Structure formats: C-alpha cells, structure tokens
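Multiple structures follow.
Across the two complexes that follow, chain A remains constant while its partner is chain B and subsequently chain C.
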Partner chain A sequence: MAQVSGVQPVLQRSYRLMLMPAVIAVLVFAVLPLMGMFWLSFTGFDLVKGWDTGLTLENFTRLADDRRFIGSVWVMLALSGFGVVAQVTAGTLIAVGLEKIIPRWRHVRGIFVVPFVVPHVAVALIWLSLFTPTLSPINAFFDLFGITVPAFLTTRWGAISAIVIADTWASFPFVMLLILAALQGISTDLDEAASIDGASKMQVFWRITLPLLKPALLMVALFRFIETIKHFPLIYVMTNGGPGRATQATNYYAFIQTFQNSKVSYGAAIAVFLFIFAAIISFWVARMNSRLSDA
Partner chain B sequence: MRKPKRKNAFSWKQAAGVTMMLVFLVFALLPIIWAFILALRPENRLFEPIWESPTALTLSNIPKLADSGFPKALFNSFVTASVSTALAVVIGVPGGFALAKGRSSRKFLASWALLLLRMAPPVGFVIPLFILYLKIGFLDTWWGLIGAYMVLTLPLVVWSSWTSLSQIPDELIEAALLDGATMGQTLRRVVIPAARPGLVATSVLAFLLSWNDFFFALIITRSDTVTAPVAIMNFVSYASVDWGSIAIASIVLTLPTVPVIVFANKYIVQSMGGAVKG
Partner chain C sequence: MKFTIRARLATAAMATILTTVPAYAEDLNVILFGMPYTYGLAELEDDFEAATGLTANIEVVGQDVFENRITLSFTGKTGDIDVVHTPVIQVQRWVEAGWLHPVTDGVNGMDTKDDILAGPLDAYLVKGDYWALPFFAETGMMSYRKDVLANAGYDHAPTTWAELLEVAKAVNSDDVAAFAMRAAPGQGFNMFVFPMIMRAYGGKFFADYPNDLTPAINSPETLEALNLYIDLINNYGPPGAGNFNFSEVAAAMQAGKIAMFVDGTSIVAQSLDPEKSQVLEHMAIAAVPEGPAGRSPAIAVHGLGIPADAPDPEVSFKFIEWATSEETLAKIALAQPFPDFTRASVAANPEVIAKYESINPDFLNLRVEMLNDAIGHYRPLLPQWPQIGAAVGEHINAAVNGLESPEEALAAAEAEMAELLAE
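Here is the complex of A and B:
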C-alpha cells in the first residue's frame, strides 16, 4: 500500500480481521485432523481391539522393520518416478508442438485439456476396460493382425505400466497448460536471433527453449510428483494393489492397514511418514514459488 | 539472412512433428470415444469389436441409470460440493485478499502452509476424521463430508484468491478507501468485481475438487450420502461388471466439469502453480 500514513494501522487491523476467519477455519478443518493423525500415530488404537494404554513409539519402530511398508515405498517411487517422467515428457512435447508445429490448429488445444477434467474414478474405470483383454478395442485391433497384446494387469510391471499410462492420460494436460503458459512468457526474440544465426529448429529447442523452461519444468514435476504420491482411485479400481502387492503404494498401504486391517494407529504412522515427505517437497516448491514471484 | 522458404514446401521434419501430434491426439481421444461406445453398446454385443457391428447401438443404458441409485448419489455430490465451495469462498476470499494486500512478515510461512495442506496425503486427514465421526455419529452425513471437503477447498480458495487479488492495483483500493468505503465494502464492491473471472474460476475448481473426490467419500459415506464417484463402483461386483452403466455414469459425472475446458483452463495455471514464469 502506498503512503496514506494515518490510515495504515487501521488498515492493517482490518486486514488481520479479514484473515481471521480463514485462519480459524484452516485450524479447525485441517490442522486439527493433522494433530489427530500425529497423536494417533503415538498410540496403539485398533478398531477391533480398541485402545492400548499409553503413548508409544512402537508404530514407528515397526515401520522400519515392516517389509510390506518398505516395499510400498519402492512401489510409490516407481509409480511416481515413471509417471512424472511420462507426464512431463508428453505434456511438454504437446505444449511445444501446439506452439511450434501446429500453431494454427487452435481448437485442438481444447481437446487436449479434456482428460484433465475427467474424475479419477472414471479415468480408472475407462482404462480398466481398455486393459481388460476380452473387452478392449486395442486388443481386438491388434488381433486383426494376429498380434496378441499381453494382459497388463496380471503381471507386476504390466500393472505398474497400466497405472502409469492411465495417470499420464489424466495428467499430461496439467503439464501442458503450465508449459504453454511458460512458453508464452518466453520472448520469441531469442528464437529468431538464433535462427537468423543459422540454428535449426531442433537446436533452438534444445539450446534455447528447453533451458528457459527449466524452472517451470522443475516446478511442474514437483507438483505432479506430490500428486502421484496420493494415487488412490487408480490403484483401488484398476489393480486393488495387486497382482500380489505389485502396485500397493505407501498411500494405499496406509489405507489397507487402517480400514481393512483395523490398525488405525499403524495406518496413522504411515500417514505421518507421507506427511513429512509432502512437507519437504512443498517447502521446496514454496521457496521456488516465492523466488519466481520476486523475480 | 535465411533463404526465404517456399510456402507449403514438404518437409520430413514437419511431417514427423505433425505425426507425433496426431499420435498424441489419438491417445487423448481414444478413451473418451471408447467411453461413448461402451455407453451405447447393447449388453450382448459388448465383447464384440465395434467395427464388426458398428450400428448395434442402444440408448437403454440411460433409463437404466436413471432408475438406479445414481441420481441420488449425484444429488449428494452436488450438495456437498456446493456447500463446501460456498463456505470456502466466503471464508477464504477475504483471507486471500488480506494476504495479497496486507503487510505481514509471515507470508512465506502462509504460502508454505497452504501448499502443504494442498499437498498432504488425504489419508492423514481421513484417519482422525473417521475416528472422530465414528464417536460423534457424523459418518454418512452431509455435514461430515462437507467438513472433510473443507480440507480440499479452503487452501485452494485462499491460495488462488491470494494470487489473483494481488494483481488488483493498490490505487483502486486506496481510491475506494479515500472515498470513505470500509474495508469490507471495498472488497465487495471494488476488489471482487475487478477480479471476478479469476474468482469464478477458483470456485469452479474448488467445486470440481470435491465433485471428483473419491477417497473421502469412500471412507466417510455409506448408503445415505454416498456420492456419485463412489456410487459408480456399485456397478462393479465380483460376479460381473456392468460396463454400459459404468460408461454412461462416467460420462454424466464428467459433464459438470466441461465448463472448465471452456473458460477456466487458463486459471488452472494460476491456482495450481501460482506464479510460473518462463
């Protein structure tokens, strides 16, 4: 605010008043449950057996020895890692393609956004049908040429790829939109200067556009990474964590321990682990964000 | 200078680029077209490739869906998503305004907290809520679900109104204040109208976040207040999967999200990513 000096303190007070309800609501609706999560993780509560007396660190010491938990972290990293690489690659290629290859197909842009707004449970069900060999038109199509498409959902890496593919379909538009916005912020002068100096389109892309996109790419990758950690409907609907435990990511494992095995406190401890993970990444994003807005 | 290129000259590189874009287009569209085919196929032709009987289509899945519990589930989704969005807007927009224009040394902390709340895994919120609701009888109630959805909508609304309201020029606010308007009047009459498109888009996104939610509803609702995304799963049973109903229900569930494509997509960038500059 500019200098309306006498009014300033009054103003700041009314700003604080306006902030109050939001702060209270966040405390009640969000912070309170989170405190509940931390508290539960230090107790021994079981939905069937009830309370075990006293506070304990047992849930966390058990985590360290739980091979299902450690396995779930690897599954999570595989799903997130492959997923983010696939989404960021596809989304960036499409964004760059829309700008540089087919700039005149304006209406195509809208089509590419559609998958993003489909609810995840619908995404999961549609892809489940596409991965059901007896039903899928993809299998039927390849059958015409005598090629048998393998059943994705019955093998470990097949199931992981299936979830990565479905998630990529649902999420590349988000990457695309952010990269399109970033591309529009890049001045075309550099491109032109480089091509006048004799650089090919490919060289311009690799040497100029991509380096300038780096902050946006890193940001979008982090955003997607944190979202993929929260995968739920895709796993629940498409594989139910299977085959075996091949797609049982940590988030899903917390759900199983809490709501299927009734081990509420143990589930809360897994949730605490995920929360700390999210806290580290969001801190990174917030710092990048404040630097970008200051620049 | 570069040699002036002949217009429409065929170039392999251009062709490769266009082919790549077409492949992506097929990838984006195939599942959607497939959902429509599934929705329109009679049950006895489901497992037959579409090109063998392209005209065997039926609308019978639509009345079937209308007779199931799905419309009621849609209503539950609508009520809970609307109320949680309205509450989040009423509480969150003034908060976002204060963060955008007020002076505070804790803005970084606020932005981290908001981001963290949006990024934190829902399972962490849902476990304590479930235990609490079990004790106070809030399971399978609208208010229980609305309370849970505030976790989704409130941080989003505060965050994105913060982003969009910081673009309102300070002079506009000062002018209103000098004319004797109170802070609340300034917000209602000057600031909100000036930022309307962004705020509407934010509300739409907040609505969608609750509308699309599966996880909270799966845990918190049972039969009375089950929402549409969870109700779809009723068409899946161990014995058989009713693909036609699933497909038509998915299409119906997606329809309210179409406005996003039409007008909100540029605000997605703002409210999801904050300030992403090149």
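Here is the complex of A and C:
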C-alpha cells in the first residue's frame, strides 16, 4: 500500500486498520456476490431441476436468440432514456429556480425532497391509483367538465410514460440536490460580471450557468441512468410488466427468469449483461467528463 | 505482534456482532404471505402457545418478498423456516424440487381428517403423499347490483356468459360500467379468471390433461371465449379495465362504478363488506355463468406445509394441525372477511353462519355449490404451470389491450407452452 503523504509512519498502520472494516464490507457484500453471479452465469442452475455445474456459454448464446430478452432491452432503453431526460430536466430547472430566481425560499426546499424519501413500492401504489381511472382524483376532476382522460396503463407507450412519470416524481429531488450543490460551487462573480456587460438572465443561464454545470449534469445523469436500469418495484406494482410484455424491462425479465421460471443461471447471465452494459456507459461518461474538465 | 493486534481486533469485532444479534427466541418460524386468513392467524400466536406450550413467530409478508425469502431459504438449505405458506399452484413445482417434507403420516393420524373438505385436501396429494394441510379454498362467484339490472328490466342475474353480454349491453352507462374482471397479466391474475370463460366454451390448455400434454389452447373454442372476454372488458368495462387486478375490481365495485363482476369468493366478499361498500343495499350474488360446455368456477387452494430442511417436522406439524383446526379456522372466519375455510364443521358453526348470513343469506351455500362444480385441475397441476400460466397470461393481456390480435395471442401462447414443456 502506498504511504499516505504527510502522515507519520506510525499512524499509517492505524489508518489502514481503520479502513479494514470498509474494505471487508465491500469484499463481502459487493465483490463476492458479483463473482458468484459471474460464475453462476456460466453454469446451468435451475431451482427445480438442480445443479449442472459444468461450465458453459449456453446462457449467453441463448440470450442472443431470445426475442423476449431483446425486447426487454428496448423497453429498458425507453424507460431509462426518457426517464433520465425527464428527471435531469425537472431537477435542474427546480434547482436553478430555487437558487437563482427565488433564493429567499430556502426554507421550503425541504418540501421538494419529500418524494425522494418515499419507498418505491409506496410511490408505485400512489401512481397506480392515480393512473387507474376509476380511482383517480385526476379523472374525477376532469369528469366534472366532461373531459375523459385516457387510461394510461392499457397502452404500450401510455404504460411506459406512466412509469417514467412516477419515477421522475420520485427521483427529481436527487438531481435537484446535486445540482443545487453544484450551483453553490459556482462563483456569483461570473453572473455579476455578465450582467454588468448587459447579459440578460436567460443569456446568463444558457451561456454561463449551464456550461459550468455540465460536469455535474453528466454525473447526475449517469447516476440516474444506472438507477433506472434497475427498475423493478414500479413495474411490478403498476403494470406487472403489461400490457402484454410492453413494460418488461431487462431487470424485470431477469426476475421472471430467476424466480418465476426458476432459471437462476439464465437470470444471472442477464444480470451480467446489465452489469457490463452499466460499466461501459459509466466508463464512457467518465471519459467524457474528464475531457470536459480538461477543456 | 502485528498479528496479535489484528487478531484481537477481529475477536472484538466478532464478539460485538454476536452479542448484538439476538438468538431465535421462538420454537417455530412461520412465513406466510398477506391475505385475510394469514393476518388473522398472526394475531393468534398466544392461542398457539396456550394450546401447545410452544411459541411461534408468525411472519406475514408481501407475496414478492415471500417468493424471494423462501427461494433463498430452500435453495440455501438454511432450515430457518419451520412452516411455510404452500399454495396448491406451487406444490408440484416444490415437490419436484424436493423443497417440502411430506405430511402424510400426520394427516392420516388426525382424528378429524374427515372434517377437512376432500377437494382442497386431495389437491395436496402428489406422488401418493400429502404435502400440506389446506386452510383456504376459494372458488368463483358473481357479484352484481340488483338496482342497475332491475332498471334495465332484469330481475335476476345472467346465468350464461352469452346472457351476461346481453345484460351488459343493456345496463352499460357512463356512470356505471356494466362489467369488470381481472385483466392484469399473471398466473394468479388474469389466468385465475379467464379459464372460467374458456372452459365454459369448451376451451382447454392441453389435448387431454393429464394423459396428453400437447398444448391445445389455440382452438376455436378458446378464441370464442377470448373474444367474449375482450368484448366485455373493452366495451363494457370501466376505463382502464385492461390493467385491472383484483384490487381495482373490488374497489370499483365498492364505489358503485360497475354493475357486475366475476371473481374469487374472497373478492366477492369484499364487495359485500359493510364498512367499504357504498352500494351495499343493492348488492346481490349469483353463480358463475355457464357456457355451451357447462360451468367452470375458478378454484384456488392455499395450505401450510413443512420445508424439507425444517429442523423438527413433528413440531412443525403440531403448528399446521393447530392452524387448520376447527377452532382456529372458526376464530379467523369470525374475525376477518374469511369465508374460504376448509372444514365442514366450520361451515356448520352457528356463529360463522350468522356472520355470513347477515352479509348475504346465500353466500355460504352458493360457495359450496361452486366448489362442487369446480374441477381440481382448473389450472393444470404441473410443476411448469407457474411459468406457463404467466406466459399465457401475458398474451391474453396483450390481446385485451390490442398489442396482439386474439388469433396471434393464442398461437403465440400455444407455441410458448410447447417451448416451456420441452425444456
């Protein structure tokens, strides 16, 4: 292990010892299960039929031909793509609004964080009732004026939009908090200098604030992207993957294969795909980010 | 020296962990998923202790948590579960996987075995052994609003599916939709109710269950049934009905927004709940409609079983015997909306009769009639059924919501059934 610079050698050992619990926790709770998952994906383990421990690539060759799997990747991309755009846009607008337009409202910021602390199953139940026309106050309200709100959960894109809306409601506060922190790190001198030179508020936002926020926006979009590919409770509660299979995202499909169809190794192979997919995206975003910081 | 410091730290850490994790204080760990019976049972832990001198920790969780929890426990052979909620629909799969301990000797040794309803008990007979004792036997029933039907000139409930469609046409309005039924995709959701129509029209899952398991769902009979189901849900159901599950069906009925529905007895009982229904005085119940091939009410049976790795199966059996006894079932039938008990003596209990008669005088008799009409393999009893049912349910739901045509859906369902059986 490298020496921690500027620290007396006697302290080095206690520093390392104090790090040990964290290192052990990561090993036990993250690295070992991950290795187990990789190993499982190369075997043939079926809950009902039992173990076939010989190593095989069959799970991965099957993935390539599995139309349900390929369909699930498109569903995942739609949910994640629209979800990330919606959450980052909403979170950023609210953060900028709170910081720049109504800074005196600092004490109400807490209210915006409330959806973030609601458990996802509860979020799903709330939005399931809002999207169920016979239960929804939204439908009841529009009915008063004779307007019929369409049923979201019975069409492909309606159901995908419903999940994106529920997820955006629950997750924009995360974006908002990180963007608020980033905004507070940007010196107000720049804004002032620009205003003195005659720039309007919109120009300041587009030309100064937004470019300076880019690294933070990228990172927060990455975090949200990784979270959205793990979609589960919203789908499970709101649509059961329906209508038909229209909202069976890849992670949900892994659950179906593992727990419903008992094909643990095949489920693990899908999880390995998701892990590698997330890793590639993270690597790519990190590189873009370092280029931005170098620029 | 270094080593001793590390060793000491490690020992201290272990000691801290061991002293803060409590040992299991109870004799028995029971895991169940939420339904009126299990909520009722969880409140009777003290009764169990008084009856047997043993203590039990009864844990009631959501169905998804339940599935994950037992799968981990059974595959990891942890032996941390003494009694497990065992739905009939899973029992073949679990027996095949070697997850259950047979209870045949215990069942045959019971004095009151004959009191248990034969249909539900025999549903647990797999490979010559009993694998659980039933506590819940649900069947199908119709619930409807007398006032809405009377306004359209009908003084009784429709007795056939064709007549139901006729009545639906006559009573459907913007305020009160004519009909609702579970449509959400799932082995226990749309595939719990759709076979009531399918079988009434002569449709079947297999060529000749259980002798010839060639998939046979893609037939003119099932197509006719599917078209009727789609017509009823899309044209005579409330908006959004294509994603309705039992809770939305029950809530719509309680709010007076639908005129008729067909579902399991536990959901029909909810539509008659005096505390929840806004239209209680108008509610009536009726038999599941018939079709050209007769009547086929749904049936679902749940019971309590013993995991194969339970440390003391005899003690576990004491629990399931107590939990499915006349006394316990009667107590829960009185405390919860639970008319789905599995003992003849409970159906003869005056207090139980009084409770359910006050809700609806015909309820208990109609339930017995429907149970007698139901066939045990309403949903085929196969280890692969949970996944086959799920796949078929997804195509049926896709057809209801227009993502696939009814013909495409049945062809795709049949092809997938064949694939799943071949694996």
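What we mean here is this: the second predicted complex is superposed on the first by the 272 of 295 C-alpha atoms of A that agree within 3 Å, B and C clash if a C-alpha of one lies under 4 Å from a C-alpha of the other, contacts with A are read in each partner's own complex, and residues count from 1 in each chain.
As a working rule, a contact is a pair of C-beta atoms (placed from the backbone, for glycine too) under 8 Å apart; a residue touches a chain by one contact, two chains touch by 3 or more.
All of these numbers come straight from a predicted model, not from anything done at the bench.
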item	value
Superposition on chain A - do chain B and chain C clash or fit	clash
Partner chain in contact with A:134 - chain B first, chain C second, else both or neither	both
Partner chain(s) touched by A:151 [first = chain B, second = chain C, both, neither]	second
Contacts of A:246 with chain B and chain C, given as first, second, both or neither	second
Chain B versus chain C, judged by how many residues of chain A each one touches	B
Touched partner set for A:57, first chain B, second chain C, both or neither	neither
Touching partner for A:193 - first (chain B), second (chain C), both, neither	neither
Which superposed partner A:259 touches (first chain B, second chain C, both, neither)	both
Partner chain in contact with A:22 - chain B first, chain C second, else both or neither	first
Interface residues of chain A shared between complexes with chain B and chain C	17, 21, 134-135, 236, 259, 264
Parts of chain A lying in touch with chain C, wherever the complex brings them together	13, 17, 20-21, 47-48, 50, 131-135, 139, 148, 150-156, 159, 236, 239-246, 256, 259-262, 264
Partner chain A, residues of chain C touching it in the complex	2, 5-6, 9, 13, 64, 67-68, 71, 75, 93, 96-97, 184-186, 189, 238-245, 248, 251-252, 255, 257, 383, 386-387, 390, 394-395, 397-398, 400-404, 420
Chain A - residues contacting chain B, complex	1-2, 4, 7, 11-12, 14-19, 21-23, 25-26, 29-30, 32-37, 39-40, 45, 90, 93-94, 97-98, 100-102, 108, 110-123, 125-127, 129-130, 134-135, 137, 140-141, 169, 172, 174, 177-178, 181-186, 195-196, 198, 201-202, 212-213, 215-216, 219-220, 223, 226-227, 229-230, 232-233, 236-237, 251, 254-255, 258-259, 264, 267-268, 270-272, 274-275, 278-279, 281-283, 285-287, 289-290, 292-293, 295
Chain A-facing residues of chain B, complex	1-2, 13-14, 17-18, 20-21, 24-25, 27-32, 34-35, 37-38, 46-47, 49-50, 87, 91-92, 94-99, 101-103, 108, 111-113, 115-125, 127-132, 147, 150-151, 154-155, 158, 170-171, 173-174, 177-178, 182-184, 187, 208, 211-212, 214-215, 218-219, 229-230, 232-233, 236, 243, 246-247, 250, 253-254, 257-258, 260-262, 265-266, 268-269, 272-278
